[in-house]
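There's a structure below that I have some questions on.
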Amino acid sequence: MSSSKSKVKLTKEQKRQVRERFKRRLYITMFEAKTPVGRKFDLYLMGLIIFSLFILMIESLPSLTPTTRYVFYIIEWVLSSIFVIEYLLRIYVSSKPIKYILSVWGIIDLLSILPIFFLAFYSKMHYFRIIRILRLVRIFKIFRVNKFTQEAYSLYHSLVASIYKISVFMFFVILLSVLMGGLMYIFEGRENDAGFNSVPESIYWAIVTVTTVGFGDITPTTDFGKFLASIMMLLGYAIIAVPTGIVSLEMFKYQYKEKKDVATCGYCKATNPIDATYCNQCGSKLNEETE
Amino acid sequence: MSSSKSKVKLTKEQKRQVRERFKRRLYITMFEAKTPVGRKFDLYLMGLIIFSLFILMIESLPSLTPTTRYVFYIIEWVLSSIFVIEYLLRIYVSSKPIKYILSVWGIIDLLSILPIFFLAFYSKMHYFRIIRILRLVRIFKIFRVNKFTQEAYSLYHSLVASIYKISVFMFFVILLSVLMGGLMYIFEGRENDAGFNSVPESIYWAIVTVTTVGFGDITPTTDFGKFLASIMMLLGYAIIAVPTGIVSLEMFKYQYKEKKDVATCGYCKATNPIDATYCNQCGSKLNEETE
Amino acid sequence: MSSSKSKVKLTKEQKRQVRERFKRRLYITMFEAKTPVGRKFDLYLMGLIIFSLFILMIESLPSLTPTTRYVFYIIEWVLSSIFVIEYLLRIYVSSKPIKYILSVWGIIDLLSILPIFFLAFYSKMHYFRIIRILRLVRIFKIFRVNKFTQEAYSLYHSLVASIYKISVFMFFVILLSVLMGGLMYIFEGRENDAGFNSVPESIYWAIVTVTTVGFGDITPTTDFGKFLASIMMLLGYAIIAVPTGIVSLEMFKYQYKEKKDVATCGYCKATNPIDATYCNQCGSKLNEETE
Amino acid sequence: MSSSKSKVKLTKEQKRQVRERFKRRLYITMFEAKTPVGRKFDLYLMGLIIFSLFILMIESLPSLTPTTRYVFYIIEWVLSSIFVIEYLLRIYVSSKPIKYILSVWGIIDLLSILPIFFLAFYSKMHYFRIIRILRLVRIFKIFRVNKFTQEAYSLYHSLVASIYKISVFMFFVILLSVLMGGLMYIFEGRENDAGFNSVPESIYWAIVTVTTVGFGDITPTTDFGKFLASIMMLLGYAIIAVPTGIVSLEMFKYQYKEKKDVATCGYCKATNPIDATYCNQCGSKLNEETE
């Protein structure tokens, strides 16, 4: 293995081998977050992403002088170039480049560098680089055995388990918002100059209200509109309880599913309550089998 | 059966039979969401409803040119005519038309087409067509075995089970809102020009506040008013916990009631899981005892 | 009994007896909500209270003409007189008048009629009559066996059980609000004209924010103020979970406490789990005792 | 012991002993909240802190006359001096002064008196004295056996137990806020004059929205911005359920962990309540087996 280094002139096959080894090592660095070198690489990368986000935020401040803006502009180009190189390297080193490109992470990586084209054309669209922040979620891939990661998984599981309930709930919230938005448009309308200028705008108001955000940019002015809004708010008040109940229940189920101690029957492998003496599927004694 | 088609001249009885068969087939199409043809009909209908809602929304935009508005006006008439024909057909094909007309779905169907009269008179009231959106709830009748429908039923059950608690809670929220609204009217009053112009308007403010919506169209200006509002908000903060607790508990009960079915052993009276074959305390067969 | 009516001239003793009987009957009518006549009286009274509240609300509308206002003024005097007579009668018929006057209901009854004096002096303070709405809580005394009343009791119990936790929680919410209000006053201050004119006003803003009401009458304008407000809102977001968790838990405990079947020992009266065979306090057999 | 008082001239050793005794007594008074004298001292101190907070609040009112302000100014100096003396005494009497100074309470005590320097320079920074309010948390040290203190501990425990979950949740809320803030900046931007002047300001808006506070100082004006905001609010509506579920679950676990202590029977190994004397399955004495 190490003999290839001692030779001055390398055969084609040896060159390929060196390249492969380099590619392999790069692959481990860039993709395998569990290895020490991969973790180090990912941490540096995250530092760079956070730094680039700070640059983006400061660069957007209206109080910047042209000179400072120019400095930030250059920093942005440097950072973006690094991310482009990183993306190309990732494609190069992966054994199945298409699979990487079409994976969720691959798409996020691509979307994070695409806005550079807008940067070149001085278009405001280059702020789409903020999508880069999604790459920070990779932190949970780095610290797998961490308490935070476990809890993240637990939260993720609870949310996935309640996805159907939440969807049904959202269906009704949107249905209610459209209905109430339409009614408010009829009673408040364009002529009252209260902001209910169209049905979509009234639906926007209804969503603002039912979610208890309540900006106040659009508010009812007629007596009946206020009455209708009051009913809607009280409804929203009861409705807000539903997603909470859903998630609480799923968390409870997830928590106690894990911990439900069971005794497995030695014969039929059926699960029994931990305090059972006989298997409830085949009637054989449990204690004996376990011992 | 098929012989009736071959004859040129049909007897009165045969005509009635053909009509009956046609009516029966239409009934299945329009009412029986579980049959393939019925499901297909309902899906097309829902597509039409969603399309008509989009037309309604766009038509309300103030930026439309008179020409575009005219086009939308014609589309609306076509769609409305379809829904009128559908409603009349539903009455025609159902064996008990009165029962259909007075059913919840029958009333919603009627309310969805009634606003056409306002459309004829150029009144803004024709936007009441938005009630049409309620017909989309029929989606849960189409996909009965679906996971979404099961969850919808579970949510529905939990809400129905907590209807008494929620009502009592709402009684106290409204009572508190009226009381606080009255007090705020006394201390803020008309003269402060802060929006507390009457007791009903102050109650509206109290509901906006206690539900944590907080539009900000009416806000206290006096020191004592702000103090009273602060107390009310802190109260509302504690109160918001109540409906959540109610719904969470009902969901929990619903979830674990389903699973709580137990089989009691005939010998030792120990409780076993419902799917157990042998008692887990004494090992005797459960099925025999139950029979 | 009925002989007293047949006599023209009554002795002093007989007069007293008649008076006592009349008083007793009135007492049952006015205080005993469970008797048919008492329930009827209370229902009429509640109707009158609700009517008087509607009068109060309408009377406060700024758009009333002087004539209408005058009519409402007279109605108010009539209603108020009825409530004064009712209050005096309640004192007259109760065997321990002082006890009634100092009871919670007695104080509410008194506070409901006191604002009449302000009515006489044309002071706005007469709107304090809105306290009358508290008398509607008596509805739960009338319908004792009702499902609503049971749920009201269950809610009441859960809230009372969590009163210590809620108090501790409120202590910290107020502490946080005062602290954040003070900090916001330092960084936003009077000079920014953003509404943070004094520490109490800043505390009012902090309460508006932490309870997620968010009127928007006072909002941070400086960058650091916005940063501080963001932290506070995220904190408030986590904090809002606490009262919900408290009440949910108490409801859960109340629900499952009721249903926890217990076996009481025949000797020592100690409560045992329902599946216990021997009392866990005195060791005597439970089954025998129960039978 | 008491003989030292009777002597006129004290030896050096005796002087030291008197000083030590005095120091010891002071230490008990100032640090040992459980002793009667310590509790009394702490209660007086808290009264003084609350009084000084009221002075601070009133002093900030813009409507004060110069004379009143001057009076408050003097009161502040007196109060501050007392707190300085108290702090110095605490350092003097504690056996390990450095440990006290670097403890959480020591730092809070120091921060509470430091703003006096700003007071001397007429700087607004002297309002940092509001940090003093944190010293009121000591109330839970005074009333240790109190029901409130127990509940405070229970709440504290539940929050600490859910700190990982809440952190993960906050990570995603902030990530979502930054992402949405960036997108809103692109679509609303500076030119619309709606307040989305920079990315940090848009992130501030996103936090205001996702936490359902909704001040309304910055609101979307473009159609696409309103659409994006609607999606964000609906997301936030589902998200708000998560911390509630977390805390509810932790409270549930804490509650039922406490009660889950069981005594296992030495003979039949059945689980009994911890306070049981006899096993409820076989009737044998539990205490003997445990010993």
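Residue numbering begins at 1 within each chain, and the chains themselves are lettered A, B, C and D in the order written.
Here, a residue touches a chain if its C-beta (ideal position, glycine included) is under 8 Å from a C-beta of that chain, and two chains touch if they have at least 3 such contacts.
Values in this document were obtained by computation on a predicted structure and should not be read as measured data.
J.: I want to confirm something about chain B and chain C. Since they are copies of the same sequence, is their interface symmetric in residue numbering (over half shared, so same) or not (under half, so different)?
T.: Different, since most residue numbers here occur in only one copy.
J.: Can you tell me which chain lies farthest from chain C, using the average of the Cα atoms as each chain's centre?
T.: Measuring from the centre of chain C, the most distant chain centre belongs to A.
J.: In whole angstrom, what separates the CA-based centres of chain B and chain D?
T.: One centre to the other, that is 45 Å.
J.: Report the inter-centroid distance (CA atoms only) between chain C and chain D in whole Å.
T.: The answer is 31 Å.
J.: Counting only residues that touch at least 2 other chains, which ones in chain B make the list?
T.: Residues 169, 200, 203, 212-216, 240, 244-246, 248, 252.
J.: Across the complex, what residues on chain A touch chain B?
T.: Chain A reaches chain B through residues 164-165, 167-169, 175, 178-179, 181-183, 185-186, 189-190, 197-200, 203, 209, 212-216, 219, 223, 226-227, 229-230, 233-234, 236-238, 240-242, 244-246, 248-249, 252-253, 272-273, 275-283, 285-286.
J.: Contact residues on chain C for chain A in the complex?
T.: Within the complex, chain C touches chain A at residues 212-216, 244, 248.
J.: Taking the complex as given, what residues does chain D use to touch chain C?
T.: Within the complex, chain D contacts chain C at residues 53, 56-57, 60-62, 124-125, 127-128, 130-131, 133-134, 136-137, 147-148, 150-152, 154-155, 158-159, 166, 169-170, 173-174, 200-201, 203-204, 207-208, 211-217, 240, 243-248, 250-252, 255, 272-273, 275-283, 285-286.
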